[in-house]
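Here come two complexes built around chain A, the first alongside chain B, the second alongside chain C.
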Partner chain A sequence: MTTSTNNIPAIVEIRRVEARDTLRQRWSNYFVLIYAAVCFIIAINLRDSILNATVRYSDVATGIRANYPANWLIDDDGDYVFQVRDVSRVGFKTAIIVDIQPLGLATTTRNLLDALSLDRAQTLTGYRTLEIDEAYILPDGSTGTAMLYTYVNAEVNPVLQTFPTIIEGLDVIAVRQEQAIIVTFLADARTFDAERPIFERLLNALEF
Partner chain B sequence: MRTSAPRLIAPPVEEQPIYPYARVWRSLALFGVSLFVVTLVMWTLDAFVLDIERTLYAPIAISIALIPAGLWALFALLPERGALEPRRGLIAVFAVSALVANGITLPVIEGVLQIERWLPLADLVTRIIGYTIGVGVAHEISKYLVVRLLTWDSLLRARMDSIAYVTAAAVGYATALNLVTALRDPAAPAASAFAVFGTIAFSLAPSLIVGYGFGEARFSNPNAFLLIISFAMAALIFGVATVLRSNLVNAGFVLAEQVQTSAPSPIFGLAISVVLLLGMSIVVASLITSAERREAEIRAGEAK
Partner chain C sequence: MHWNSRGHIQRWLLWLVLCTGILVSSFVVAQDGAPIAPTLDIERIRQATVFILQARTVGDTLDITCFSSGTIVSRDGLILTNAYATIPSPACPGEELVVALTVTPDAPPIPRYRAAVIQSNPGLDLALLRIDRELDGRLIPTAALALPFVETDDSSTVTLDDTITIVGYPGIASDPAAAQTATVVAFLAEPIGGERSWMKSSLEIPASMSGGGAYNRAGRLIAIPTNAPVSAARPGSTCVTLQDSNRDNLINADDTCIPVGGRISTLRPANFARPLIRAAQLGLTLENLSERSANIIVAAPQPGFRRLFFAPSVNEAGMPTQVIRTLPAGSTSLYLFFDYAGMTPETVFELRVTTDGIPNTTFSLSPVRWGGGARGIWYIGSTGQPYPNGDYEFTLLADGIPLESARLTVGGAPDTSPQFSDIIFGAVDNDGNVSGNGFVLPVGPIANAVFLYRNMTDGMSWAALWYYEGTEIARTETTWADAVSGAKDISIQEPSGLRPGTYRLELYIDDRLTTTADFTMAGAQQGVLPQVFFDPRFTSAETPAEAANTPSITTFSSGVDTTYTVFNWRSLLPGTLWTARWTVDGNLLFEETIPWSQSTDGANYLYRLSGTRGIPDGTYALELYLGPLRLARAEARVGIGQLPIDPFAQTDGIQMRGQILDANTGAGIPGVSFILISELFSVADFLQSWDNDMVYALAVTDRIGRFQIDRPLSFDAPYSVYITGDGYLPIEADGVAIAPEDLPLDLTIYLTRG
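Moving on to the complex of A and B:
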């Protein structure tokens, strides 16, 4: 017990003395933290490089060149230039379709959109146009037209017994030399916004 | 003549020093064997005896997910009460580790790393790297930080303490992951039991290596790189074992002239989990024994 200067007993605090870490102990801890941080950055980088990996597509006949996502299935046998689909996705397979339509002298982009809408309304269940943007800014700075729409996709195979899926679609139309190039993005409405960057990347690298 | 009875001197008896702490390896062995037996019993019941309604999958899966925590409390926590020097803070390590798994690590793995979007479809080498530096490191750093922050300053007294605390962290962590899986997508009892055993083994086995490095860093003052090497090894073992297990367990795609069925092989997964847990326990036990013997020799040399 100690006494203060005026002889009044003072409180003696008994405290456990904790050993301080050595330099090696401190650095071994820092090394682990640095290692984990570096691994996290590499993992993010690896994720981005795999998710954003692309394959080059080139069609001499139409003059279209594009970079489509790796691991997506390409198909150029239909009534379009090419179509790529994310076949690994469960449920509706997200798709990007590129097509070319000739434009007559009297045909406008709006006529083309109306024709597309009429055709889809007859073939797709619950088709509905949501929005038409006639001042859509294309990646090269020029103005194009975009149409947002929705429909219900029912599985054609009755054995699978799945619920119908609500699909959201986006057409982006650009006119070049009396030809309209139509780039269509189709995805499950629940994942449409999350997957739209994939479509934007393809659109940014599209050459025609 | 006076005779006297011969005076007998008892030979000196070397008294065995009393071990004041609860035995960690015994607890771990009992825990592992019990969980293995429970898994086999669940598999047998589900496959041959009971026909369980699908509506009961969720409560059964949740119960199975909680079994490791119960076994850990029985074989690791309870013996601490009877020890002369019980380890304090085991429940705190268990609980904080479970909270970190559910509140931080799992959202980071699913939301930021988005493993399910890109890793399962990648090639073999990329999967090993991805599971190592992504999932493995995320798991291990979470458990390491919990144990480091809660025990380093005041609770560690011997090397085996680090193993006891990383076991608590690993079981708490895996319990949280198992509960999340059971709540999200409850499987049949046998599948749940296999998954629970796998999660525990894949959480505990790498953590034992980190525990060894942690204990050495605390008590031996080794090279500053030992802890990071043990940490990196733990993450690598997790990555390699995860890919190996998925390759062996998951159903493959069979193209053959005659019709063949390709079904998942959970028994392979169980075998891999057992080998991983047993192998890592033996390796870490021998490393710790070797470190303790080395330290005893140094002390004996200093005493002379």
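Moving on to the complex of A and C:
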């Protein structure tokens, strides 16, 4: 304690002395913040680039070229041009299927949709067509047809105990000369909207 | 010292208990307590075993009409089972087939699918079904199914005393699939399938296991338990009432009673089913267009048996070598012959054998569908297994009713009484020798028979009786004037020509039948074999009518969807049994033995062979037989002339299954992908391209984390595994090889959140 000469206690103000950063320290701080922000932006970009990374698919026979999501399982041995599936996804594996159907002179896109619906109604549980948009604008500006539908997917292996999943599906149909290209997007109805951009990106880059 | 000794004993006892426990746990224990070979993947077999309910639609409900077990024999849903409980008939009139599967181990089956009969052979009591619809009636694309299945094995390799495991459902959809071990105690012979027409098991199983499977130690299907319960309308039948079929709110005697059998031990060897499976897997359908157009309707009289006698052996034509009254001690071969009439494919046939009055299940035949024609000669017996001494009584039953019986004593010394034996038939050549094929003679004025004789003495009275289509046409009664033993030939002549048809010769000594044999006269003289069927050819046409006039084709292009086969015939009496055999690449595809239904002479007998996905490449042949003799053959190639290899048709190896758990919580993780990569690629290769062509199989876990690879893995092949699920660190491994001793394989895998 400090005392005055006449024994009266003096009031001593104890004040914290603000440490003043040096110029160097200030710039260091700025750099740290900038560095963190840049790293964050890079990380975001890196994540996006990984998530949105694509692989080129090309089929000479049909003239179809597409960019499909990386790390999706590609299958071109079925009765379609190709199919890609996100096998890492838990639950129903989101899938995009590209197929080509010949069209007769009198066949309309609507005929094709009806045939698809009839076929699916025979084999898919609870198949329902939700909406048909005959003025769907394709990425190249031309008009196609889109059909939104739903069904219930169940595990085919009868000895496994799997809950059925409600699937939402979207067919986008474009007609070129005497054939129709059908691009189908299938996803769990709960994540359909969130994952639809993946499909849109494939559709935008699709060449046929 | 006392306490030390007690402690020593206690330790030994503990070791004994532990060792016993280890030994016991190294076996999978069957339901009846008998151990099952540890190399048998019994879980997979149980999953592949189904319960089949035949039902008919009444209003908006399904009434159960019959039931049986069955076995899935292909991943796309082919089911092998009995014909009696699946093909609509008066006893089983249902038109719908519901398939129930074991979904949970050790639980009763759950109805899951509907199926349709795609191939069948009522005579063999075998049917092949295909799962084609969900339970609610929705169609199932064939490629959409990936079911657990078993593969058949060559049943001719089974020997007496082999251990087999019989799997089926012992209750009426209320019990889980049961596996019971047994041994093969006998083979029974019939004309329809030769020496191995039936196998007999040491164990009698419930009749509801009929249609299931009997497996060898390799886990392959080698026989099908077979039983045909007597129709509920017949006296002596047993049946159960399950539903209120008359809708009077009571389940009682007024409701439909479903026929059930007792306990059975009769197995149909799987070799009889393999052609059905082969044809179905190739998607082939064979239609006999001429039989369809013949449309013969024959009134079925009551079944009957007569002229029962015993023979020690059977010749190549299915005829007895001699007729015996006793069988010496130590004999290993015995056949009961009899004439039958009024039989239909619906008739339930049974043989009960007693030895010294005690039922002998080894040589008895459980109730089965009749496999022969409407009338003719039949035999049932066995060779290669000892008959214990005793007095045997063989009783034949039709539709549960005992009709005829015969007795025989086994034991004592060989019979030294005078005897005729081994009749064969032929024509006399220019040198006066009897020649020919033995049992089918060309139509002509004379037929010769050569037979062996022994222990004869001069002056004995003997007789030869000739029959044509069951009517006696000639009789020779005289006294013996030849040597003691040797061969003798006799003949029957008709200057105007013997008519085509079936003949019989009976030889008697002192009014005792000593030997007998049938032969057929058909066709024209042409070398050793008569020309009965001629100009067989494959052809292609738009319609069956056009096929008669189109030229022969020996090579078809790949993808052809229909071919016709045409042949002509001469001098073949209606009613004569003949056989058509179809083969592909030398393997039997179809076979039918039926009575001839056309006129005696004619042209353009027509078959149509078609394929749902086009006729697969291969070399196809039609062979035409009378008795054991192949009389005509036509062959054609489709595409490259060789069947394609189906990698999915094999079950060699092991079925991988398991459970994927959260490493933190221990709970099963649903929806995780288990990717099995072909042995040609590593995980690194796969992750570079994510190409489905590298994937051997892909499974996704269910709600409790369980998964099952739907393709069997080859033993010792270095597979790679990649397990992935959002939110968890993936697991990858190369060089995952499985050895046969790893059976059954059930993995537990932990994933870590990341």
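Convention: the second predicted complex is superposed on the first by the 188 of 208 C-alpha atoms of A that agree within 3 Å, B and C clash if a C-alpha of one lies under 4 Å from a C-alpha of the other, contacts with A are read in each partner's own complex, and residues count from 1 in each chain.
Heads up, the rule we're going with is that a contact is a pair of C-beta atoms (placed from the backbone, for glycine too) under 8 Å apart; a residue touches a chain by one contact, two chains touch by 3 or more.
Keep in mind the model is a prediction, meaning the values are calculated, not measured.
K.L.:
In the overlaid three-chain picture, which partner chain does A:Arg176 touch, first (chain B) or second (chain C), both, or neither?
P.N.:
Neither chain B nor chain C is touched by A:Arg176.
K.L.:
Kindly classify A:Asn157 by the partners it touches after superposition: chain B alone (first), chain C alone (second), both, or neither?
P.N.:
A:Asn157 contacts chain C only, not chain B.
K.L.:
Should A:Arg128 be classified as contacting the first partner (chain B), the second (chain C), both, or neither?
P.N.:
neither
K.L.:
Pick one for A:Arg190: touches chain B only (first), chain C only (second), both, or neither.
P.N.:
A:Arg190 contacts neither chain B nor chain C.
K.L.:
Go through the superposed model and pick first if A:Ser88 touches only chain B, second if only chain C, both, or neither.
P.N.:
both
K.L.:
Tell me the contact category for A:Asp75 with respect to chain B and chain C: first, second, both or neither.
P.N.:
second
K.L.:
Touch check for A:Leu51: first (chain B), second (chain C), both, or neither?
P.N.:
first
K.L.:
Across the two complexes, find the residues of chain A that touch chain B and also touch chain C.
P.N.:
Dual-contact residues (chain A): 71, 88.
K.L.:
Across the complex, what residues on chain A touch chain B?
P.N.:
16, 18, 22, 24-25, 27-29, 31-33, 35-36, 39-40, 42-44, 46-47, 50-51, 71, 88
K.L.:
If we count contacts the way the header does, which residues on chain C are in touch with chain A in the complex?
P.N.:
47, 101-104, 112-113, 134, 136, 138-141, 144-148, 669-673, 675, 687, 689-693, 695, 698-704, 706-708, 710, 724-727, 730
K.L.:
Under the touch definition given earlier, write down the residues of chain B that touch chain A in their complex.
P.N.:
112-114, 117-119, 121-122, 126, 129-130, 132-134, 137-138, 140-141, 144, 148, 153-154, 217-218, 221-228, 231-232, 235
K.L.:
Would you pull the chain A residues touching chain C in the complex into a rising list?
P.N.:
Going through chain A, the ones touching chain C are 55, 70-77, 87-93, 122-125, 155-163.
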